[in-house]
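Chain lettering (A, B and C) follows the sequence in which the chains are written, and residue indices restart at 1 in each chain.
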Amino acid sequence: MSVSDTSFRDSRLAFALRQGGGIVLSLAATLLGLLLVTFFIGRVVPIDPVLAVVGERATQAQYDAVREALGLDQPLWKQFGIYVWDALHGDFGQSIRTREPVVDEIRRYFPATLELATLATIFGVIVGVPAGVIAATRPGSLIDQIVRIVGLMGYSMPVFWLGLMGLLLFYGILGWVGGPGQLDAGYQMLMEFELTRHTGMILLDTALNGRWDMFANALSHIVLPAGILGYTSMAYISRMTRSFMMNELGQEYITTARVKGMPEWRVIWVHALKNVMVPLITVVALSYAYLLEGSVLTETIFAWPGLGSYITDALFAADMPAVLGGTVVVGVVFIGLNMLSDILYRLVDPRAK
Amino acid sequence: MSDLLTIRDLRVTFDTETGPVEAVRGVSFRLGRERLGIVGESGSGKTITGRSVLRLIRPPGRIEAAEMTFDGIDLTRISEREMRALRGPRIAMVMQDPKYSLNPVMKVGAQLTEGLRLRDRLGAAEARRKAIEALEAVQIRDPERVMEAYPHELSGGMGQRVMIAMMLIPNPDLLIADEPTSALDVTVQAEVLSILDGLVRDRGMGLIFISHDLRLVARFCDRVLVMYKGRIVEEVAAGELTRAKHPYTQGLLNCLPRIGGSRAPLPGLDRDADWARA
Amino acid sequence: MSGAEMKRGGVIAWLREPNPHSRTQARLGQAYLSWLRMRRNPLAMVGLTIVLLLLVMAALAPWLAPHDPYVQDLTRRLLPPGTPGHLLGTDDFGRDILSRIIYGSRITLYIVVLVAVSAPVLGLLIGTVSGYFGGFVDQVLMRITDIFLAFPRLILALALVAVLGPGIENAVLAIALTAWPPYARVARAETLTVRSSDYIAAVRLQGAGAPRIIWGHVMPMCLPSVIIRVTLDMAGVILIAAGLGFLGLGVQPPLPEWGLMISSGRKFLFEQWWVATMPGLAIFIVSLGFNLLGDGLRDVLDPRNSGK
């Protein structure tokens, strides 16, 4: 690689980072808004946070002490300031159910969701991108219709119902996969004692511990929820890929490539796909973010100990600090993914200015 | 003289919702190693005619011809694979606007060398050397820098030179130039044209020059076909343009301003429905 | 040719006239061509049929349903599909599942209609105001829109329902509050394109104030793109409503809401599969219908995306 080439690349990175400055500023504003919304939800909720801590039979003195400790005697704007300050330091308060800091609990639950969403996205990209490309190159053909219908079905199925149907068919009737949970009950017991949780992700941890028997078992459990989430992601990615691809295939540079006598595979999979990749990055990041949302319902079905289960369980226990903490974390990941896709976009597209 | 290209009764039909539309309706011409101009207003079918030669009409368009022969090869019969072998090394095309006709996310170098590397199986260094030579041939002064640039970093004139270089690398027998200077600034048009002219002359290739600019074509070509609504309405030698008989050709000539000519408003083009028949 | 056929031929020729004589004729002609294009798209027609069937089902529920959807009969609980009198079987309280699905279509439609008339209006208002005034107003409003877009919809709806308490109205409110930002974006984009056009300038010169211009001249221009978006979004609304119902945060028992019915069938999934399966199928078919219709509409109205 020549010298001029690397310097060119460096300047492009610097440019992207400079652009990133603007992104960070708008990110901060969005984050502040996010906290404002959750703050108000937390204040409006008809549960007295003091009572939730001290219990019904506390004396007035105890009640006031806790009220002061929680900062609820301060004016509203000050409370918000404290809330933001704490949130920036990773303090979302204490869970009412477990009395543990919410952030510690989220740290424990989040990796499971991340693992599920990552596997699903990988599946969605590996299947969705080629499916969309092939559909776009043969518009109106049988394969195009199939991709379109399979995609629309993915858009139209309630993910929790799909999960139940998957369980019924692949677990209940066929017995091909493990049931709800991350492991069989026996392994679940063993896990507590024999597994060092390096990452909190079950597949990674079993592999890192060299417990391949456990790994295989974990795989049989994760494949169904990941596949179902992956299907919804695939539906989205294949549709978007098809529409981007159709657009690119109508461009003049495609004709140029054909005039040069390039074989059709190269025209499509190199010339057009390179251009499709640019907007596709945003789509993949978005679908990743949507998976976090889809995981709320999927995790309930599959008893998956992730953030989705955490939020819904907290909701039913009226554990507002936990609900709002979880909401903020999901929101932050959402914003973070958006920002990441923005930066990647600028890096991949040479025209980005 | 042996013909490079013979086209007899070429028809291109597009199936649309409101029924089939014939964009080219029975065009016939022959081409030796000469320079042929095709002139007409937009929608006259001149671009479609050019692309038909390369068989680059996408569905829902259909190409039909009584004869379409290139250097003894029947273009209507050969397979897509054989057609692909002709595109590039034998027949090439320079398109209108380098802003759209170069791949925006590939470096110029990669676009120039891909044919050499993929088809001629040259090594990276050898392909690069040839590409730089080609850039020098179109009078680009710093080919090394241009090789590393993305198309949007080039000016229009520069981009079109890259396009010409790219198409001439495999030394084709026939070059189709489809409005090669219409998208460029007036100041660089002449320059790009003279580069194109010189290369075509030196290498003795056949040229089909498609344009809406009758005078430009007349200056640049040996022979001119005038198209109107998918038909050839007149064929004239470039030198005898002023003696053109067809009223449409005369009309086209009269719409052009002349230095030192009268200052009266330019006449519009009166169309006669008969021209479209034949 | 009979007189009626002649007349019919005359109307069609009038519609297909390539050189229309009046604005009405041009518009109707366009609509007719769109309809022809749509009719050739079998998937869109399937979607249209499903949506029409949903409307009919909801309207005629008392006459179509073979049983009362609320009456419990514990002697006839969990009967499998195909049992005489119970085509889709019965649930754990012995209620006829088919009848509950038929009545449930009313709830689904109720939610869809309420969201469809509230969220786009809010979005349209914010988007047009933001686009028309630009500058500081635009900055603030778009930042608010971004904040709401940054929340995953379902999770924000969950948090809102947690505050408002479960129930059908609150579910609608929560969904509408999470659904408006995309409409605001669409409306703002449209507004930006018309804002600087000459006819807006002409209206302004006549002395019209901003509210009048926005209401009378900008909003109508934004409507078509917003309406396409609404059709495409309806399936998503149905799914989120069902999700809230499934979690027990939306419509409350004993109402026959489809998501709720799935959740009640979950307990018997492996033994009495039909209790959870049937309402899920209903959700799937209806939202597929909306998706097919929206997809077809977009193909017709926005030819760039059509599969040609």
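Everything that follows uses one rule, which is that a contact is a pair of C-beta atoms (placed from the backbone, for glycine too) under 8 Å apart; a residue touches a chain by one contact, two chains touch by 3 or more.
Keep in mind the model is a prediction, meaning the values are calculated, not measured.
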_Chain-chain pair with the highest tally of contacting C-beta pairs_ = A-C
_Relative to chain A, which chain's C-alpha centre is the most remote?_
B
_What's the distance between the Cα centroids of chain A and chain B, rounded to whole Å?_
51
*Averaged-CA centre spacing for the pair chain C and chain A, given as whole angstrom*: 26
*Considering chain C alone, which of its residues make contact with at least two other chains?*
308
*Over in the complex, which chain C residues touch chain A? Could you list them?*
43, 143-144, 146-148, 150-156, 158-160, 162-163, 165, 235, 239, 242-243, 246-249, 259, 262, 266, 269-270, 273, 276-277, 280, 283-284, 287-288, 290-292, 295, 304-305, 307-308
*chain A-facing residues of chain B, complex*: 51, 54, 56, 84-89, 92-93, 95-97, 100-106, 114-115, 118-119, 144-145, 148, 150, 152-153, 163, 166-167
*Residues of chain A defined as touching chain C within the complex*: 26, 29-30, 33-34, 36-38, 41, 44-46, 139-140, 144, 148-149, 152-153, 155-161, 164-165, 167-168, 172, 243, 246-247, 289-290, 292-293, 296-297, 300, 311-312, 315-316, 318, 320, 323-324, 326-327, 330-331, 334-335, 338
*Would you mind writing out the residues of chain A in touch with chain B in their complex?*
2, 4-5, 8, 251-253, 255-263, 266, 271, 274-275, 277-278, 348-351
